[in-house]
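In the two complexes that follow, subunit A is the common piece, with subunit B as its partner first and subunit C second.
And now, the complex of A and B:
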């Protein structure tokens, strides 16, 4: 029954966006064929996975936060923080050469993770201490991070040899994630898979995961059991923001190769959708991210081949979220028709 | 009076995994007070929720005045003249009595004449002996008065079948007497009353007939005059129960808890606990009487570490634990059975096993430095489920699916089942430990407390049931307005005097 409802939700989303295609004078069947082309073609699938990596990292972190009932929407800002930190490390290392090349990436991964964690702990601490609303604080911090990052890239960190273009200098080879041979997929995917396993183990097997579940289920019960709310949400957000920070690093070191203004096309928000649609299950999130990565690629194909706006993908994503969340209602309740 | 105003025939209601009502039959005559007696989980409230339109029955027939009816919502029920007073009152505290009473009524037009309605309500109230000021705001009223407002709401809507769900739980003995006399007044004027309860004395005192439910089935309907307490108890739980608890002679084993002049403020800075001092010895049970909201919750939370005290000291076995964490209190053998079993005492969506280790999950027995030891947890949970007779299909069921009695057993099992200090000297703090529990589970809790007492532990429990307090405690405290206004040896206590102290009329 539950599966049938999920399927019906997805079909409904297709039907509604089909109407939008029809109103845009586009053959919906052909449009859908293009939208899902990435799942029929190896080269496009590999592109889909490239886009899936940052989404996956953000969604995994958010899933942990949501398990603790901490409704963070701060993934996007944490991506920019991660991006700024890796750029800083690259610039610093090009000047000082403080690390031998092979050690740079492992070191950078740790530093990016930890610095983004600090950023993520801020709203957690504010909530634990002053009961501020985490949706607001994390959202506002997104703007701060993005604007600071944009300032740096058009200001102090602008590439002096960049002909005035607003981007940083290109990352040297040692600061890039190597590609998996024969594909466009960079090796940060292994961080994503490792993170999925880690989040699964935390939630299913550890004492900390138990505390997260208690806090998420009932704040009062956690307090009564002597579980420190402050400790749990700060740690949860440290991990959550750390993973989103790595998503930012994966974008720069894996795909773009330098810091650019507005370098994330909203992956931090897509992560929210993926986390909920995948029912906060880490392994499903990995697959869900690839599906959404495919949609993004499909949107670009649509734009190229049929002249539709790439925004159609966002519409489809949003419809999918709405129908799935509405479907949850029917999983919980049964409609009975009576006189 | 022999005319049936209501008949419920072969009512069936199935919840996932439980048959809450299994072909239940129930009938009600005009002007009758009909008690609906049964343990928790027996299906009393389910049956009445079906009648009031909150649940839908799976099969069965409801007839009002001999006519078959369909009740889809409380609105339908009220149209048929059926009304219900829930255990938790559904009033708007900031509004006046009149405003609450006329809410949802269709008598008034677009423009309200509150003065006229107020007069109407006053007359209505006095004709049934319900004392209440129609222009007072509800938040200023006592629980007894609020209950009268709930009843007035129904009378104002011309309800003739009135369902009262455990109406005496929140009342002082005096208020209970007033309620009963109003009920008699109403029944003499032709109103029919369904009185849900699990207290046998109340059944015998107020009802004309009694229907007993057990495990979803109705086992008997009796004329109250022709039955007695023993028979009803037998019908209700299927075996005889004890009314007198045989207490072993007291063996005090030294000071366990000392509370010195403790004051507690609430979030707005109001003083909730105005300097409370007492000590507890191992081997005694202290019952705390008082109307809810007079500082009981604050006192219980202060001596378990959940609430900061603004001044004063708390010592456990000589150790100063003032403002220590709840965990510290627990580790020092202060065990707490909170008022809300679901949401505070347990995390609703976690399993029985997970809730049983809620306070001891980081004990060496159940976890290493990082990982939980699921085998040990499973075995431990299965043992406690057996020891404490918790009814469940598996220890992995979320606790939100348990009945009140079983849920309380989960809390008790966790708090008492793995007592750290087996030699006694623990402090057990219990808020309303038997509230809403059936006779069987109540008896179980009381016996357990007596056993813990004989093993040298100190027990302080808060209750609104004076008979319970008198039946198992060694000393009785009475709380009023943030203070302990009376301390009485239970052998010298009498209900009347305690009742007056609870109302703040007498200080000892």
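And now, the complex of A and C:
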């Protein structure tokens, strides 16, 4: 029954966006074919997986936060923080050469994770201490992170040899994630898979995971059981933001190869949708991210071949979220006809 | 470069004009969200509603040249999207935070999708003309800023009073507030909880749409993606800042309007000691600060609608 409802939700989302295609004079069959082209073509599928990596990292972290009923939407800002930290490390290392090349990436992964964690703990602490709404604080921090990152790349971190283009210097080879031979997929995918296993273990096998779920179910039950709300949400957000920071690093070190203005096309927000649609299940999130990565590639195909805005992928994602959310109702309640 | 000499009164007047322009956009959206939240429904779709309203008013104004029809189009655009939120969160009792986020993504996505040809064509429209209020506009500083603006700005002043009157002085307002505080008690008194919440959510959504019309018709006569720049989220925060009261929203919105204009003001007087990007982060930093102050229990406990964000299920 539950599966049938999920399926019905997905079909409904398809039908509504199909209507939108029809109204904008686009052949819906052709549009859907383009939107899902990634799953018929190896080169495009590889691109889909490339886009899936940052989405996966963000969504896995968010899933943990959502389990504690901490509705963070801060993934986007944390991506920018991660991007700034890795760029800082690259610039610093080019000047001082403080690390031998092979040690740079492991060191950078740890530093990016920890610094983004600090950024993520801020809204968690504010919620625990002052009861500030975490949706608003994390969102405001997204804008701040993006403005600061853009300021740095246009100002002090601009490549002096870049002919005035607004980007940092290119990352040297030792600061890049090597590609998996024969594909365009970079090796940061292993961080994503490792993170999925880590989140699964935390939630299913540890005492902390249990505490997270108690806090998520009922604030007062957690208090009664002697679980520290502050400790749980701060730790949860540290992990969540750390992973999103790594998503930013994976984008720069894995794909773009330098810091650019507005370098994340909203992966932080896609991560929110993926986390909810995959029911906060870490392994489903890995697959869901690949599906959404494909959708993003499809959106670009649509924009390229049919001149439609990539915004349509956002519309489709939002519709999918709304229909799935609506489907929950029919899973929870059984319809009974009375009189 | 030498700073241009301008007299302080002119600077202040310019600042206030920009403040009213920016603040009115925030004000209308904040009023809408107050009305919705007072009934117990949390609508985090404001950002999407403003954006979709803005696009609708742009298109209709471009086609008809009539700002009233354009504003009505914006209102209905906001209303339509908020009805989705109402259905999902009132009838289907879903998580309102997630539903609201979905509405924001939907509104932004739809605007980007439909608005792409406009963004590419770089069509511009003529902003609405200001209407001078006799006598009042003669007051120094206050006059040219508050009383020489486009008609939609005057609409925002009127809505402050109208919403305050509805919420505190009418039967319907009393019902609406009781639904937000204690829906089961309201229900037992014969108030239709579901209908009241639907009305509050749609009216709130329509106001958010009008806020988008104000953004486009008043001050940003061209269309581009991301035109709302987080104003919807600031409006949601302003609701907390104004303790769910339309009268306080007036002051909150113009205070944030002032902060949002500091960048332009400092640029115009040639002050360059601080990077302008710093001023761009100010509204967001300030929002966090305001949230910290006004979320602490001392301020909030008495003011927040007790059933905010909680779906209501009728006992059988």
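One rule holds in what follows: the second predicted complex is superposed on the first by the 338 of 339 C-alpha atoms of A that agree within 3 Å, B and C clash if a C-alpha of one lies under 4 Å from a C-alpha of the other, contacts with A are read in each partner's own complex, and residues count from 1 in each chain.
Throughout what follows, a residue touches a chain if its C-beta (ideal position, glycine included) is under 8 Å from a C-beta of that chain, and two chains touch if they have at least 3 such contacts.
Just so we're clear, the structure is a prediction, and the values are computed from it rather than from any experiment.
Asker: Return the chain, subunit B or subunit C, that is in touch with more residues of subunit A.
Answerer: On the superposition, C touches more of the residues of subunit A.
Asker: Output check: A:190 vs subunit B and subunit C. Expected answer is one of first, second, both, neither. What do you get?
Answerer: In the superposition, A:190 contacts neither subunit B nor subunit C.
Asker: Of the partners subunit B and subunit C, which touch A:226 in the superposed model: first, second, both, neither?
Answerer: first
Asker: Between subunit B and subunit C, whom does A:92 touch in the aligned arrangement: first, second, both, or neither?
Answerer: Touch status of A:92: no partner.
Asker: Of the partners subunit B and subunit C, which touch A:206 in the superposed model: first, second, both, neither?
Answerer: Touch partner of A:206: subunit B, not subunit C.
Asker: Go through the superposed model and pick first if A:217 touches only subunit B, second if only subunit C, both, or neither.
Answerer: first
Asker: By the touch definition at the top of the document, which applies to A:283: first (subunit B), second (subunit C), both, or neither?
Answerer: It touches nothing on subunit B or subunit C.
Asker: Mind working out whether A:71 is in touch with subunit B, subunit C, both or neither, as first, second, both or neither?
Answerer: second
Asker: Along subunit C, where are the residues that touch subunit A in the complex?
Answerer: 44, 84, 87-88, 92-95, 97-99, 101-103, 105-106, 108-116, 225, 229-230, 233, 236-237, 240, 275, 277, 280-281, 284-285, 287-288, 291-292, 295-297, 300
Asker: Residues of subunit A touching subunit C in their complex?
Answerer: Per the stated touch rule, the residues are 20, 24, 71, 73, 126, 130-133, 135-137, 139-141, 143-144, 147-148, 150-151, 155, 269, 272-273, 276, 308-319, 321-322, 325-326, 328-329.
Asker: Could you pull out which subunit B residues touch subunit A in their complex?
Answerer: Spelled out, the residues of subunit B in touch with subunit A are 56, 70, 72, 306, 325-328, 330, 336, 338, 340, 343-350, 354, 358-359, 361-362, 367, 370-372.
Asker: Would you tell me which residues of subunit A are touching subunit B in their complex?
Answerer: Those in contact with subunit B are residues 205-208, 210, 213-214, 217-218, 220-226, 336, 338-339.
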